[in-house]
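What follows is a single structure, written as structure tokens, with notes after it.
Chain IDs A, B, C and D follow the sequence of writing; residue 1 opens each chain.
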Amino acid sequence: MSSIRVTVWGENVHEQKSAVVRGLYPQGMHQSIADALNAAGGIAATTATLDQPDHGLPPGRLQETDVLIWWGHAAHGEVSDAVVDRVCDAVWSGMGAIFLHSAHFSKPFKRLMGTPCNLTWREAGERERLWLTSRNHPIAAGLPDHFELENEEMYGEPFGIPEPLETVFISWFQGGEVFRSGVTYKRGAGNVFYFRPGHETYPTYHDGNVQRVIANAVRWAHNPAARLADPNRAPNVPVETALEPIEQRGETLHAKGEAGFR
Amino acid sequence: MSSIRVTVWGENVHEQKSAVVRGLYPQGMHQSIADALNAAGGIAATTATLDQPDHGLPPGRLQETDVLIWWGHAAHGEVSDAVVDRVCDAVWSGMGAIFLHSAHFSKPFKRLMGTPCNLTWREAGERERLWLTSRNHPIAAGLPDHFELENEEMYGEPFGIPEPLETVFISWFQGGEVFRSGVTYKRGAGNVFYFRPGHETYPTYHDGNVQRVIANAVRWAHNPAARLADPNRAPNVPVETALEPIEQRGETLHAKGEAGFR
Amino acid sequence: MSSIRVTVWGENVHEQKSAVVRGLYPQGMHQSIADALNAAGGIAATTATLDQPDHGLPPGRLQETDVLIWWGHAAHGEVSDAVVDRVCDAVWSGMGAIFLHSAHFSKPFKRLMGTPCNLTWREAGERERLWLTSRNHPIAAGLPDHFELENEEMYGEPFGIPEPLETVFISWFQGGEVFRSGVTYKRGAGNVFYFRPGHETYPTYHDGNVQRVIANAVRWAHNPAARLADPNRAPNVPVETALEPIEQRGETLHAKGEAGFR
Amino acid sequence: MSSIRVTVWGENVHEQKSAVVRGLYPQGMHQSIADALNAAGGIAATTATLDQPDHGLPPGRLQETDVLIWWGHAAHGEVSDAVVDRVCDAVWSGMGAIFLHSAHFSKPFKRLMGTPCNLTWREAGERERLWLTSRNHPIAAGLPDHFELENEEMYGEPFGIPEPLETVFISWFQGGEVFRSGVTYKRGAGNVFYFRPGHETYPTYHDGNVQRVIANAVRWAHNPAARLADPNRAPNVPVETALEPIEQRGETLHAKGEAGFR
């Protein structure tokens, strides 16, 4: 079996502006995440960033990406709508997508969810403890029933997402909040996972449990089926080719062979 | 209990261009739907159309709408993005929304679903039979286990929607297809229902069972709670006001009191 | 509109054995819950207990019960299977059911869930804070985004339930755990809600927020439709009465008019 | 990667009594299903039948079964409750389970669903067409958007199951009904799939598409994680070992170290 091809998309803004972030992630958070995936086995991860042409995601790149990982925070608004459309089309065609931490407010995640994706937050370096709700879920493979991150940003409920297909993790925060921190969705032919941890001023993506969740999620999100050629296609089925014999009846709007309205 | 305030939004294009449609719905499909709702009891329905300023949906109108019904087909692309944003914000704040038939491809429905919302179709006036899957569901109140529409457009699976909260109706078509024709969602604080029947060249909205489903759906979608003031709000919770006593630790990105990135 | 008829079923064991419990609930927990419901408006609540004939739930009683509330802890095993069958049949026919706290391990809840319904627990009188995840959900009507119970038993994830239809509340515990403390299901034609708080050695059912959740849940679970006559019916549809004309083909097992196997 | 170990459980009653069934499946339906799985690659399938001691499912057998397939029809009532308990415990521990056709009324399926699992039916050898609703779902790998079975028993909605995690297939029937014919669930740590086709008087299990669905479902249901030792365990977490430091407060029912009630 060939490797799962992952593209880790990083905004790469705070790594340039903040000495703290650069100190934790000298090659960028995206590169740290990609390095951990490449060490996990069976995964071939590369990176793309906002400042590259097409934000590093020209059409061909997504065609060759089995699973896209997205981390953004300070510059959601700078992501072009063309790239957002391209990412959504790729997901609907079968590409997996994993959104990390502050990507809850990224354009592609909000577009795929259809909801505000809002939450409460506090940057206090408090303790977060993630609890598994769904035992033996593939995204939790090899993990204990709970694990801790000693310093994290707090995200609190209500989290403005649609009811998930599955709630895999729920976080406890030292300051008194809870959060659905690992949730799955299917959008078109693509699997989508949101995973909460990963504030840029803490070493979260160096944590072994976090790395394991992301690698597990890549394997879960990967769909080996051939990508759909056009996920938006809405074909007419002519009367003559109906699976059961029928005859045209009543009035029509569409001339024969005409395309539908969109 | 005061009446549920419904706005029936109609594209009102084919009613102007097609003698067939005008013959079936002399005052427009939107008016026929509103008339049936006003006769159902406990509902006060008015209409709005594409050709009006703001498509008939200025901000104040949605504030006073408990449930919005949407029918569009030929002119989805002419609906302004500002109105789409306004509709989505209203749904997320608690307004109910019902999308009918070809509104599967309307901008607000696609935005709320986060998926292509595509399907197969055939305009042959064939028989459709809707089956109830969820007995005693409030949207099916007073309906038999199945009912028929002798002439309808066919919509076929795969239907490009997210897995519904509940699948209430599934349609059988004479030509051999099936379709999830009544599905529920929650988006933010708003209840959303999609209902399949209603091609404009057939008298579907004069059918008693169809009228009953729509009236039931209005009652189901109506949320009597006060509308959320800002459904996109993502408030910071300062360390000093944390529910459990914590102290600031570690590095920070945000200066005290600063708003979050979006 | 007539009142919603509620039966509050209480095990009534610890009220007899424990002076602590009797001190908090002199007439029994079931009576305290019923009293609060009767004061809420639009609800007519009575009680039934384990020690009564048929555990207070003869067939006629469930026929006249719109919503059943169940609290049990020490004597789950003493509930007769006949009564469990009767309760499940009533739920499947359209009766609402609300299971409180330690009723997670009651026979009817386990039967309706199809899962172990297990959890971790600690009786330490610690602080519980319930967070709302689904804004404007009818079960949360009139409640703030969070509320606290200063002394409660801890229940922790993983909670062995099926993925809920909706997760309405999630609890934070002082000792470090989280729990899905308000979850909805539909079973047959009946609405089911599980609500976590209510350990018998604390005054939980005297708390205004808890009382409000239970009253809201009664209104949410109540299905005004007529109860199904037989929720287990699996009728044969003879070829002669098929909705579309078909002819008998191939081999058969069943003689004409014969009942199906069960 | 070692093979997935499948046990195909067959009732093996009609194969003995009916010449028609024996003619179609000389070694029994269970053996035909196992043969097809063994030819599919990566699967090692064996069989078990009702007439064997412990119905062929002693405890050790389920320990060594990754995925159990169940077909029953005429003798659901003869399956011992001890074996039903054992099957449910195995599913909750992580064993996959696939229920075929008339197994909708089998004891373990009803127990795992928590609902009546009833439907309407007609044995007329009519045409069934299965439509895929969820493109690129692993259970539909390699299948077209629809496929037909020329002669099948009809099962019609309303189907008395809980809202599925995913609805993968919906069937169209010649006589006018529809049915959710492929639905997924998770119960405890185990994946569950129900697949409708397979009436014993037709050659359904010799059909290539049907065989492919079952093999796909085996791969989907297989959970490579170690089986849970006790899926019903509800451990106490002593105050002294709480993850966050807390002190015992308030009144207690349980003496220190005492097991919980069940």
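By definition in this document, a residue touches a chain if its C-beta (ideal position, glycine included) is under 8 Å from a C-beta of that chain, and two chains touch if they have at least 3 such contacts.
Because the structure is a prediction, the values reported are computed rather than measured.
Engineer: With touch defined as above, tell me whether chain B and chain C contact each other through largely the same residue numbers, more than half shared, or through different ones.
Structural biologist: same
Engineer: Quick one: which chain's Cα centre is the longest way from chain D's?
Structural biologist: Between chain D and every other chain, the largest centroid distance is to B.
Engineer: Quick check: how many Å separate the C-alpha centres of chain B and chain C?
Structural biologist: Taking the mean C-alpha position of each chain, the two centres sit 31 Å apart.
Engineer: Need the CA-centroid distance for the pair chain C / chain D, whole Å please.
Structural biologist: One centre to the other, that is 27 Å.
Engineer: Give the residues of chain C that touch two or more other chains, as numbers and ranges in rising order.
Structural biologist: 129, 134-135, 156, 160, 163, 165-166, 174, 176-177, 186, 188, 243-244
Engineer: Which of line, ring, star, complete and other names the graph you get from chains that touch?
Structural biologist: Contact map by chain: complete.
Engineer: What does chain B use to touch chain A in their complex?
Structural biologist: Touch residues, chain B against chain A: 14, 18, 20-21, 73-77, 88, 92, 102, 105, 111-116, 118-126, 151, 154, 156, 160, 162-163, 165, 174-177, 185-188, 199-202, 231-239, 242-244, 246-254, 260-262.
Engineer: Show me the residue ranges of chain C that touch chain A in the complex, using the header's touch definition.
Structural biologist: The contact residues of chain C facing chain A are 129, 131-135, 145, 156-160, 163, 165-167, 170-173, 176-178, 180.
Engineer: Contact residues on chain B for chain C in the complex?
Structural biologist: Checking each residue of chain B against chain C gives 94, 129, 134-136, 138, 141, 146, 148, 165-166, 174, 186, 188-190, 223-225, 228, 243-244.
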